[in-house]
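I'd like to ask you about the structure that follows.
Chain IDs A, B, C, D and E follow the sequence of writing; residue 1 opens each chain.
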Amino acid sequence: MSRFIKRSTKKAGTAPGTLVHVGDRKMDHTRISLMDYDQDHLTERELESIEASFPFKDAPRVTWINVIGLHDIGLLEKIGHHFGIHPLVLEDIVHTGQRPKFEDFDDYLYTVFKMLTYDSQTGHVRSEQVSLIIGKNFVISYQESEGDSFDPVRERIRKGKGKIRKSGCGYLTYALIDAIVDHYYAILEILGDKIETLEKLLIEEPKTIILEEIHTLKREMIFFRKQVWPVREMLNGLIKSESPILHESTTLYFSDVHDHVIQIMDIIESLKDVLSSMLDLYLSTVSNRMNEVMRVLTIIATIFIPLTFLAGIYGMNFEYMPELKWRGGYFALLGVMIAAGATMAFFFRKKKWL
Amino acid sequence: MSRFIKRSTKKAGTAPGTLVHVGDRKMDHTRISLMDYDQDHLTERELESIEASFPFKDAPRVTWINVIGLHDIGLLEKIGHHFGIHPLVLEDIVHTGQRPKFEDFDDYLYTVFKMLTYDSQTGHVRSEQVSLIIGKNFVISYQESEGDSFDPVRERIRKGKGKIRKSGCGYLTYALIDAIVDHYYAILEILGDKIETLEKLLIEEPKTIILEEIHTLKREMIFFRKQVWPVREMLNGLIKSESPILHESTTLYFSDVHDHVIQIMDIIESLKDVLSSMLDLYLSTVSNRMNEVMRVLTIIATIFIPLTFLAGIYGMNFEYMPELKWRGGYFALLGVMIAAGATMAFFFRKKKWL
Amino acid sequence: MSRFIKRSTKKAGTAPGTLVHVGDRKMDHTRISLMDYDQDHLTERELESIEASFPFKDAPRVTWINVIGLHDIGLLEKIGHHFGIHPLVLEDIVHTGQRPKFEDFDDYLYTVFKMLTYDSQTGHVRSEQVSLIIGKNFVISYQESEGDSFDPVRERIRKGKGKIRKSGCGYLTYALIDAIVDHYYAILEILGDKIETLEKLLIEEPKTIILEEIHTLKREMIFFRKQVWPVREMLNGLIKSESPILHESTTLYFSDVHDHVIQIMDIIESLKDVLSSMLDLYLSTVSNRMNEVMRVLTIIATIFIPLTFLAGIYGMNFEYMPELKWRGGYFALLGVMIAAGATMAFFFRKKKWL
Amino acid sequence: MSRFIKRSTKKAGTAPGTLVHVGDRKMDHTRISLMDYDQDHLTERELESIEASFPFKDAPRVTWINVIGLHDIGLLEKIGHHFGIHPLVLEDIVHTGQRPKFEDFDDYLYTVFKMLTYDSQTGHVRSEQVSLIIGKNFVISYQESEGDSFDPVRERIRKGKGKIRKSGCGYLTYALIDAIVDHYYAILEILGDKIETLEKLLIEEPKTIILEEIHTLKREMIFFRKQVWPVREMLNGLIKSESPILHESTTLYFSDVHDHVIQIMDIIESLKDVLSSMLDLYLSTVSNRMNEVMRVLTIIATIFIPLTFLAGIYGMNFEYMPELKWRGGYFALLGVMIAAGATMAFFFRKKKWL
Amino acid sequence: MSRFIKRSTKKAGTAPGTLVHVGDRKMDHTRISLMDYDQDHLTERELESIEASFPFKDAPRVTWINVIGLHDIGLLEKIGHHFGIHPLVLEDIVHTGQRPKFEDFDDYLYTVFKMLTYDSQTGHVRSEQVSLIIGKNFVISYQESEGDSFDPVRERIRKGKGKIRKSGCGYLTYALIDAIVDHYYAILEILGDKIETLEKLLIEEPKTIILEEIHTLKREMIFFRKQVWPVREMLNGLIKSESPILHESTTLYFSDVHDHVIQIMDIIESLKDVLSSMLDLYLSTVSNRMNEVMRVLTIIATIFIPLTFLAGIYGMNFEYMPELKWRGGYFALLGVMIAAGATMAFFFRKKKWL
């Protein structure tokens, strides 16, 4: 359950604002990459040290600084100092168990949410914390490890596709959040496909493994919902924000993402309902099959037990048992047995037990 | 589950505003039909190209352009350009996984929702996206494939029945939405009839197939609710809209549709509750019948097993078994057996086990 | 389920405002009765035609016109025309699947809700639509068939009991709604008594029929709730209405009915919870009894099967079986059998299985 | 279920404001007691007739009139007339099925709620309606029968403990409501203790009776919640009331009771959850034990049935059965049987079935 | 369930404001410790009597008085008198069953909530009531027993770490609440780990003990939620408070704790859902295994019972049974038996019963 409660006891009891990285260390080195662009120019660099990014801070172009890896506390403090970030924000960035939220600090905006990936080997949805600090003309993004959903955004910046090169920090923020939310759909599709496969399997041949798979999928849905649910509020914050950092024109874009997130919540709830209904179906089907088997077997036993009793009667060794002397006794008894068995079988069938 | 998550991964990562048709291609050719009317005149045409509709744009009559088929991106872009539609709206039109919503863009209104049909062969509720762009004196409707719920509206326009020819774009919008919501009732009735049939069957003779049917109906209900739920908000948007495009007098009509949608939600919830109660009843009935069968069979076995044991005793070959020599031993034992069996049967009956 | 979805497909696709009676035709002839009263005078008449009521429209006394039977479209249109009723309202009156609601049309108020009756033969709660049009000094009530909950109101008008003869249309409206809501209690009591009887039966002797009765009661509760739930909103509308047609003094009365409706919702929820708990109890009790039976029977079989095996051993015909020759062999074996059986019985009892 | 729906059909159809006592007649005579006090004086009397209380009405001291027994309609009407109470309020007082509520009539305040007692014999929570009419310097309380939770309040008035003698009608109202809400805790504790006892019993030895007790407790919880739930709103009304009858300083006291009621709701919900979890545990435990028993018994039967078959083989009377002639045949077969039985037992144990 | 309902009947009926300690007496002596600090100075003392703290009340530095043990009513009254605390607040402090809440008394703020600890021996979450009285420059904290989550705060004050020595009473309040909420995470982690261990165990080998553990964990979750749920409101009160006692700058800090509490609620709900899903999985798995066992055993019995019947036939002692005379009769019968058994086994396997 460590995915569910990602707030280490390391933290408990330290002073607020103390920077301690909470979470698994997923990277050896912290990587910093920078894109600086306006409609006509684009600078893209891999930075050796964070200081190299400082000159871009007050330049008129949009500067996107992407920091990968959170364990380098010194680096964070330098950024915090140079860009004037509140200590509580820096603390939130390194404690990877934040609830998605949006906060307005006048000089800059802070938003944190989760990048989700699906680990097909374990069947787990993995969550990685992404923080954005949005200033007048810079966006700093923090993520825990390499491999992200941002590549399409980079591509669009490089090729100047769409509005991105013509717009400011607000639009870049939107593009980054949208890229991540779009990836939520991809994961939902994987989970949805799994459910569909399971549903077919369920009707064809109910196996025990299905139970565990339903449980696993339910747990992932619970985890997924827990990650996505607060994103609504975060986006509401962005939509309602009257910060001059965001242009008014971005409201429409954030509303669009907000719609997507609400739809994702709808889908999750629907899929959870379908899973519950599948569990019911599975349990009932298994129970029905079992009942059928038991009924048939029990009927066979029930027919033969009285007959065996009859045979047992005439297997007794009493000296005086008149039937034993009758010439046709044996055949008569066989006839009685066949008749009794047939009567019982007929009776059971009439009662629809067989 | 692809019905539930209709947002293809094709989309993920493209720039917002990029037109890529997401969904199954349901038509070969895009069909465009046009109705242009006021109280006295009516022009109805099948258009070869979208350009043919442009002259109607600024004419004083109400123009309804119906576009069937969404894969022709070029056509959409032309419409978008000529009528001044925001790229995000065009994107929403071609991505057929939109959540029903209403948006006001001052010059025009945009609303998207689902036309539902019932596929009696698969037992699935199918959903098709319908988008409306409502301008000063034109309404453009987009749908995915031929065959729609709009025919009665066309008929009313042709025959000039009711208020439709005397009213403007707002009323046409209402008529189109109302036609679709009325069709929701038709589907609900089909599902309701299926539930009623199932309920009768259930009480008469519970069969395994009922389980799967209950599951199927539940899943369709979940799907139905997911489609209809956000329509409430969409209609609320229309009711509260103060756009000059809609006359104030239409508010009452939209409220009427809103009432219907709320009632549909009520019915769906009620039917879902009834289905749950039916599942309980089914499972309990099956389990009861099974129990009854097992009890009777087990009792038969239980009576005969001790008797068989008795017969086994006197079937032993010990040299010295005094009872075997008794003349009446056999009949005495038979009497004992009958007495024992009757006692047991009496006891079981007294305990209400039989 | 037709009770749940009372909106016929006949309707789908007709123009709004088209009067088509939707529902079962419950009457052969439409009956119109009229009461016209003030503190001192009372006129009560059975009308042949609706025109006979027109002179009362503008008279200063309170006029209550009660129309029984909805299929006579012509009559409705006459009323609509003479009293100036909006076509959508007339449409709502004849479509008997309306959701309870209140609407203010300045000149008159419109409210629609359900009269419920309990059909003791089928065990169904039946719902009949009642519409009220409340004008300055007239109230028109529409109902589907004869037999209603209004008799006490008529009696009070005739005898001049209470405030009714001294008050206006608002108070009459209240009296009519109150009479119907009071009848809801009567039905709830019948259902509540059924539940109580069932609960006693359940503890005394759980029978299969109880299951179906619980299901039936649940379904009726779901239906009941569906009918009553929106009445709250309707009454809220009446309470908050600032229409001059209603005197301010009636607000208190409508609040009183509103309290009753909320309490009815509370009771329905409580009874539904009790029913769910009863189902749990029933299923568990049945399962427990069954388990007990099976355990006892299985134990009897389990004791005798090994003993039968022992008897089988000494029933074998091997030529050399020394025990058979022993003089006391038979009795020794009987002793062993008794000991073995007793040991097993003792063991099972010790394990609390018997 | 008559506890749940305490609105008799006697009422249905009578004019509003008609006083008919609805509920069981719990008293033979109506008792009226009076306390009249200020900081220095205290008059306490048992009144013969209500008229004796009228002189106290306009006296400057606080007068508390406690009426026990509701069936004396004449008395109520006298009170109503003298103190100027609205007919609907008098009606509410005698109809003992009111939902707790608060109403402000300018001259006086009206509040109605439930006094709960636990009947340890039937295990039922009993509810008795208490109405308070709070005037400028009098409080009239109505209750159904003798025996109440007000004794501590009387004691405090007599002894002048706390603030009560120094405060006005608002504080007395608070003291009365607080006394009743405090008694809710006492009942919750009794129910809580029962649950705890049951939980221990459940783990030690699950018996059938536990099922019924869980059902009973659940039903009482449902009843309890139904009674307490609307008290929140009633207290909210008192807190937000700006009536001059209540001093502002009492708001704090009513908030305190409000907190208690919310906490009681929290506890009820928690206990209901615990009960549900206990039912799950009970059912699973019983089912597990049963399964264990059945498995062991079935295994014994399964081992002996094939062995009995073997014995049956050699009990056949064929003339030519070579094994029967073998000298060691019998012992060899015994060996085979022991080996077969041991093999099966070993196999079952290996499979963890035994 | 006494943990759930911690309001003793001792209390019922006493006057409000009467100080009676309700709860277990967890301490022999009441301990009072004091910290008085500003940025440059720190006084830390263990006080013999509360009077020793009075001089610090009006000193400009921040004074934190920590009272451990609530049974010394006299001491509380002295504090109440000297610091001017409302009697209802004192009452709340000693009644350890308070719902977490925040109240503003102008001169001071009062907040009460729960310190939770996990008792690993009983597996219970224990709750201890903590009350804070926050004045202009003093904070008085009350707790029931020694051992608390405040040590890290003391450490920070002593070492002057972070902002604490530079800030006022508001920040100290925040630090104390934050320390307790941080400890909630620690407990959640313990419970989460238990769930994870249980989940692994569940899939490997479902044992009966798991049931009880799931029940225990559920009950603790219910208890946990009941304690934490109202903390949200309490923090909201602090955030929205405009009291001059709290600096505006602390709002951000309280919001941070509020976020943590909401996240804790999210986690609790998720874990509860996971537990429910685990219970489903457990029950289904057990039922499946049991079914499998029963099926195999029943099949074995079913195969051998008819064969035993056959053997029984030829064990009868009729004088005329021709088959017995046939030379190959025995072997023929053995062949028939083997064939019959094999046929049945083949049939069962084909039906997938074996």
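Following the convention adopted for this analysis, a contact is a pair of C-beta atoms (placed from the backbone, for glycine too) under 8 Å apart; a residue touches a chain by one contact, two chains touch by 3 or more.
Computed from a predicted structure; not experimentally measured.
Under the contact definition stated at the top, the chains bordering both subunit C and subunit E are D. Counting hops only between chains that touch, subunit A reaches subunit C in a minimum of 2. Fitting subunit A to subunit D on Cα positions gives a rotation angle of 145°, stated in steps of 5. Because subunit B and subunit C carry the same sequence, their contact can be compared by residue number, and under half of the numbers here are used by both. Inter-chain spacing, taken between the CA centroids of subunit A and subunit E, is 26 Å. Multi-chain contact residues of subunit A (touching two or more other chains): 287, 294, 298, 301, 305, 308, 312, 315-317, 321. Taken together, the touching pairs link the chains into one ring where each has two partners. In this entry the chains close into one ring whose order, counted from subunit A toward subunit B, is A, B, C, D, E.
Against subunit D, the residues of subunit C that register as touching in their complex are 149, 151-152, 155-156, 161-164, 174-175, 178-179, 182-183, 185-186, 188-189, 192-193, 195-196, 203, 252-253, 256, 259, 262-263, 266-267, 270-271, 273-274, 277-278, 280-281, 284-285, 287-288, 291, 294-295, 298-299, 301-302, 305-306, 308-309, 312-313, 315-321, 351, 353. Taken together, the subunit D residues at the contact with subunit C in this complex read 1-2, 4-5, 7, 9, 11-18, 86, 88, 97-99, 101, 208, 211-212, 215, 218-219, 222-223, 226, 229-230, 279, 282-283, 286-287, 290, 293-294, 297-298, 300-301, 304-305, 307-308, 311-312, 314-317, 321, 323-330, 333-334.
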